[in-house]
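Naming follows writing order (A, B, C, D, E and F), and every chain is counted from residue 1.
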Amino acid sequence: MDDAVERRVVGPAPHIAAPTTCTHIMLWVVAALAPSALWAVVTMGWVAAQLLLICIGVALATEYLWNAIARRPQTLTDGSALVTGLLLAMSLPPRTPWWVAAAAAFVAIGLAKQLFGGLGHNLFNPALVGRAFVAVSWAGVFAAAPSRGWFQTLPEVTAEGFDAISGATRLAVAAADRAASGAYGFDLAAQYQPLLLRNLEGSLGEVSAALLIAGGLLLIVRGIIDWRIPAGYIGTMALVSWAFGADALFHILAGGVMLGAFFMATDYVSSPMSKTGRIVYGVGCGLFNAVGRFVGAMPESTTFAILFMNGLAPLIDRMTRPRTFGWVKRDA
Amino acid sequence: MARQVFRGGVHPPEHKEATSASAIQWAPVPARLVLPMSQHLGAPCVPTVAVGDRVARGQVIGSVDAMVSAPIHSPVAGTVTGISDTLTTGGARVAAVTIEPDAEQDLQGYVTVTADDERGRVRAAGIVGLGGATFPSVVKLTPPKDMHIEVVILNGCECEPFLTCDHRLMVEQPERVVAGARHIGRLVGAKRIVIAVESNKPDAVEALRAEAGSDVEVQVLPTRYPQGAEKQLIYALLGAEVPHGKLPAATGALVHNVATAAAIADALEYGKPLTERIVTVTGEVARPGNYRVVLGTLVSELIEIAGGFSGPVERVIAGGPMTGQALASLDVPVTKGTSGIVALAPGVAAPAISGDQPCIRCGRCTVGCPMGLEPYAIANYANRRMWDSAAARRPIDCIECGVCSYVCPTRRPLLQLIRLAKAAALAKGVS
Amino acid sequence: MPKSIRLVIAVLVACVSAALGLSLTYAATAPRIAEQDRLAEERSLQAVMPDADDFEKVADAALLEAAAAAAGPTDLKDVYLASEAGAHAGWAIKLASRGYGGPMQLVIGLDTSGSVTGVSILSMNETPGLGTKVLTESWFIEQFVTLPAGFDDADVRALDSISGSTRSANGVRNGVAAAGRVYAAVLSGEEGGAQ
Amino acid sequence: MSTISQFALLFIGGALINNILLTRFIGLCPFFGVSGNMETSMGMSLAVVFVMMMASTATWVVWEFVLAPLGVGEFLYIPAFILIIASLVQFVEMYLRKSSPVLYRAMGIFLPLITTNCAVLATATEAAKPGFFKLNIPVGASLSLGQALIYTLGVSIGFGFALITFAALRERLELASVPRAFRGSPIAFITAGLLSLAYVGFSGWFGL
Amino acid sequence: MDLVLIAKAVGALSLIGLITSAVLSTAAKKFHVEVDPRVGAVVGALPGSNCGACGRPSCFAVAEGIVAGEVPPNACVAGGQSVADAVAAIMGAAACEMASVICARGCGGGDRAVRVYDYAGVPSCAASNRLAGGPLACAWGCIGLGDCERACPFDAIRMDARGLPVIDPVKCTGCGICVRECPRGQLTLLELVPEAAPIVMRCNARDKVKARRANCTACCIACKKCERECPHDAIHVIDMLAVVDYEKCTGCGACVEVCPQKCIDFYGHRPGVDAVSADGAGPDVETPAKIAQEA
Amino acid sequence: MNEWIRTFRQGIGIENPLTVLMIGLCATLAVSTQVQNAAFMGLAVVFVVTMSNILVSVFRNAIPSEVRIPIFIVVIASFVTIVDLVMKAFVPGIYQVLGIWIPLIVVNCMILGRAEAFAYHNKPLLAIADGLGMGIGFWLVMVVLATIRELFGTGAIVWFETTLVRLPAGYAPPSVLLLFPGAFLVFGFMIAGTRWLGERSAARAEARACRR
């Protein structure tokens, strides 16, 4: 017998594995987000690129340093820190000061992820924790003037009665209008096109809803994410907006809903795993996001809605366990 | 009739093209045969021959008086040269009889088995489930009194990648398969006989249909792993779930592998004992193909017969790559349950994992599990040695198909952990 | 003695002594507390209308009811009539507006024309360091004086808020706006009430 | 404001917006003590809802008909309320143990833990005499019995909900490879911190 | 001084006190349920680690069992004699003598044992053992993936650099969980030895000496030097394997010195020496055992 | 006397009510937004826990165990009310700032816990030691927690309108530390820190012992 094969590997069955690895999944997410990120850089300019670089850089550096200090194996190659950094950047407004972005990335990786044991162990979506942390900490920074492009027709309005976390975006203006008179001071239907294609208010991830939808659909088609979460999310969002007497389409397109529904809420680690659970979770995200918009203090509540549902995910998982083959009732 | 798609499952690359068209050929009898006394599930046999004895082809060399067991016959005419321990493909050390075959072999003749009734002949022929489970067939042919078998299902799905031995059998000897099906149906008094074949074997379907009369149905099922798992097969054909903790007979169905059915037909019609089987030798070997191999042939010999390795090999698998066993040593004998020998090249074999891979909770294992379990949860608890929590997630129901490990993007050895949890749960008496 | 009686007596003794102790303490402190409260109120009234020398609580039930209705969601506590050297100088309105950590008690001084003479915060429950900026950043309170006579909600809304403590700042702003509404709805027609 | 919307506001305000555990820090001992196990926290939540409702009824009645008419409420209500609640809980515990072993096993065993639970005292006191614990009651300075009970129901359900959520999170935490120094209570506190960060999103709902 | 107010206060509070205490004391009588206070006391005496070595799910369950008389007072294996005495004191019964044992390892293989394949799977001895009987050529040797380390409820076992468990005899309570968890445990890789056991055998291979030597360089070669040197007739080669007779062994160390394979070792309390030798260092490593020996 | 000191030190160190026993968290987390509040709140706690310990201990033989809990809480509630009333009357300036936190002492489980676990079984002198030790242990942790939160959450520590410490102007304080999530987070890190320190010193002591 050939000596070269005398000593071989013995492992447990199965002896073959599906080609999709964790790194593949993460790279697909990056690929799905890349067009939106590039478009943001093209339309918003250098500030957006800076923000992307800072968030991704700090996220990777934090991951690397943590592993080095804790003497754990390096995990940069799994791509999760890259995705976290990218998602975080997409969720921040372009004029975010560099130190706020860096702090957010540091909190995302250090506090929300590595402190809980790294990839797979975090209970909350790291990017959202990072964003929520800085949004609560430096609310004023987020209220800073957004990068205004061609879309100058909206009146400059200070958002009375609201923590204007996303700046004076269309949403904020809409909310202010609604609070003041119960009606909207501008034509919502006219906003569809800019929101879909080229919107310079709010965060990097709000530039083009169309590109985000395309990316999300790509991930669904590739089997990377489950359609149930975005479907439940966006569907509920539309339904609740309609129930509140608002323009459903406007509310779906505006703000961080698309980024949240396709990329944030679908984060594997912090969302439920069963099919039913994912629907419940998506519906919950949509419900809290929509209700938060109409009764809340902030014009946008995507971050907190998803974070809240992250907290509920283990509970949902517990309540929606799949039925075991051959068992009649769940608790038989 | 209800045709269901079972829940979950995967469709791994089939890799069957290398052998699916190659006709079954006899493998030459090697210079030495090692016959373990335990080639089946149940009580191991005791050698009934001594060193130096002459044995004839088909002569009983090991048996034991137990309900769940199967005697072992000499596959050749030859001389017993030793009785000692050997390693099996599963890594266990069991007693074995070593036989040196005579130079001249008549592989057509054999000592026929005798018994009072037909079931007795199946028992005496040492027939076990040839799909890999090696459960003594006679036990399955004797269902409990309170259960009535309505349907006999012959399992010709062969959903494991690489393997084509059942496929070739169905193509080349459909008459034996159909005859076996009729025998089984008659023995258990079933009203319906169904042969289930996956859609990727149209030639087998055609061959079987040509043989099957009006009494035997040939059903084509979608190609999806693990279609050949007993419970999933019954569900796909009958739409009935085998209740937890019950035998498949509870749904009125009895499932036998097509090769087993052919062996039963041989035993009943010709009194032929089980002394050889068809083995698919494939992967990184020079002449992949289906070989009719006398039991006791060493895997190393078999690989030589197939032309030796044709490239670097990382794992050699006995059985299919999804459920088979990686061999630590190639000097282990082919036994009744060895359906294939697959030599996996480094790129094809699952990468060797080391240490604690993180679960990223992607849910692929849960979606893929044909039993509706949550493999990640069982494995996570088993990994932390939280056996009670693991047992609460029903590892007992796991059919060990390996889909969870296969789909896991971080390559966690989920099935291995679930097996540990299962063992722990069984030890604590959870059922 | 049966055990149950012993238990009852033990609890009774504890209750009686606690009640005694507390009522004695209360009796001892009550006048001082009342005095302190009065002083605090006086100080805050003085603060919002430094020129006035006398404040008199308005007792007209109908007027108070109308004022409370005008104040809307904010909780109107009292209305004081301020006089300077015997002449009617304006009003001080005490109300509870909702801040971040609960109600904040505000006193707002209005002169007879309805412009703000001063705002002071009697008590609040805001997060120290955040909500308390409405106190520590003095420009915030002072800016209300710039409101025009007979201001309305929109005027108040146009004033600056404090970034990071928007909710507390809004509490104050809503209080001032409510005072403006009370003036517009009730006080402007009163011509000094008593006069 | 209509009665129904007032009730809804009282309920949501108590349950989510001003969650007594995560935004007011009241009742934290059982929050960290009992949440290690899902079944326990469910029993505890049930017991808390039950006890809070009873306690609020009792304190409201005592305030309305004894302390306030006599004019001694200002300085007596803390001892009076605490006495009533403690005795009530003890009584229920004894009663359950004797009369309904099933119910006792489900929630009765948690009653001694609740006897001195700050959350019960705070909520019952607040329901009878708003303002004391600054729990931010959305409507008015005093509540009717119905309002008090709805408010209490909201708070207690918010308590139970947060407790069960947290227990489910901790169940997952058991499997996490947390750095050594943070295992156990530190990571539990940090988890609670992140959970309460999610509750920040509710602050300001309906202007509360 | 407002006497009316004081009277009202006293009246109100005592009224409440009267009602509550009356209700409570009646209820205490009416709803009285007998609970054995000894259960709590016994729980207090037990270690509370819920290790399960006694075969009961938790310390509380044992306490209930003890009070109910279903379980003997010395049921707690981990707690040892002191706990048994404490429990017995609560129960008013005399505790039975406990055989004082600690756990020892019977393999010195580690990196000196031959491995036949590379293992790729769950880093667990039990899992590895299920695959082709583990990677070791020797069927009795320590697989070295640390199931015992993870199973030990008392943190008494550490895997050393050679891939062998080191047992701290001070922390070890002799609960036997590691013996049960070790897939080779039934082959006495880990065994319970008397607490004052200064000598342990580091090989338990049962195959032929020739096979054994091919599998591992640290095995017992049945040279019988130890048997000849032992002044107390306490070590014998039985079935080609040296076995210590703890009834006779005094821990003099004569066998340790002559063993050419260095597979006999000090462990536990050595008479006349203060320090305790850790189990496991192996003969090549500088250890407290060696230091104690030299001292 | 030795026992007195030992009891006293236990509360500060190995049986610290907050970092070790984790009782009395509610008030701690709520008040620790400002050093000034925490310090006075802590003082009030020291007063109440010591006084109630004394009272319970003195009358421990007269209190039937069946009704001890109601009696303990009546005692504690009375002391809290007294502190509240007295502060309101005599130091209105401080009460203006701190007053709203004082009632929170009622719900501090630590005080009842000490009455129940210690004072009810021990002589008054020891009960004083325990009360003082526990109270001071509580005070210390709370002040440290408040220091961290105030310093890093506002960028300065203010003691009755006097700024004691101020971080450089470039520091933009993250106000999340002052909000409710911050309390949990900072406290979590504090426990981890104390535990880490404790383990390190234990390891050092062990190493020393070995060398000897």
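FYI, a residue touches a chain if its C-beta (ideal position, glycine included) is under 8 Å from a C-beta of that chain, and two chains touch if they have at least 3 such contacts.
All figures in this text were calculated on a predicted structure; none of them were measured in a lab.
Of all chains in the assembly, those touching subunit B and also subunit E are A, D. With steps allowed only between chains in touch, the distance from subunit A over to subunit D comes to 1.
Averaging C-alpha coordinates per chain and comparing to subunit E, the farthest chain turns out to be C. When chain pairs are compared by their number of contacting C-beta pairs, A-B comes first.
Taking each chain's centre as the mean of its C-alpha atoms, the one that lies farthest from the centre of subunit B is C.
For the pair subunit A and subunit B, the distance between C-alpha centroids works out to 47 Å. Separation between the centroids of subunit B and subunit F, computed from CA atoms only, is 69 Å.
The geometric centre of subunit C is 33 Å away from that of subunit F, both derived from CA atoms. The distance from the centre of subunit A to the centre of subunit C, with each centre set as the mean of the Cα atoms, comes to 44 Å. Residue positions 3, 7, 10-11, 14-15, 18-19, 22-23, 25-26, 125, 164, 167 of subunit C each touch two or more of the other chains. In subunit E, the residues that reach two or more other chains under the touch definition are 5, 9, 12-13, 16-17, 20-21, 24-25, 28, 116-118, 120-122, 127, 131-132, 135. With touch defined as above, residues shared between interfaces to two or more other chains in subunit F number as follows: 66-67, 70, 74, 77-78, 81, 85, 100, 173, 175-176, 179, 181, 185. Looking at the complex, you find that subunit A touches subunit B at residues 1-2, 4-5, 8-18, 20-22, 24-25, 73, 78, 80, 118-121, 226, 268-269, 271, 273-275, 278, 321-328, 332. Against subunit D, the residues of subunit F that register as touching in their complex are 22-23, 25-27, 29-30, 69-70, 73-74, 76-78, 80-81, 85, 100, 103-104, 106-109, 112, 176, 179-185, 187-189, 191-193, 195-196, 199. By the touch criterion given at the top, residues 7-12 of subunit A touch subunit E in their complex. Subunit B makes touch with subunit A in their complex at residues 7, 10, 12-13, 161, 231, 235, 241-244, 246, 300, 308-309, 312-317, 321-328, 330, 342, 344, 348-353, 355, 358-363, 366-367, 369-374, 376, 394, 397, 400, 402, 405-411, 413, 415-416, 419. The touching residues of subunit E, counted against subunit B in their complex, run 116-118, 120-124, 126-127, 130-133, 135, 139, 150-151.
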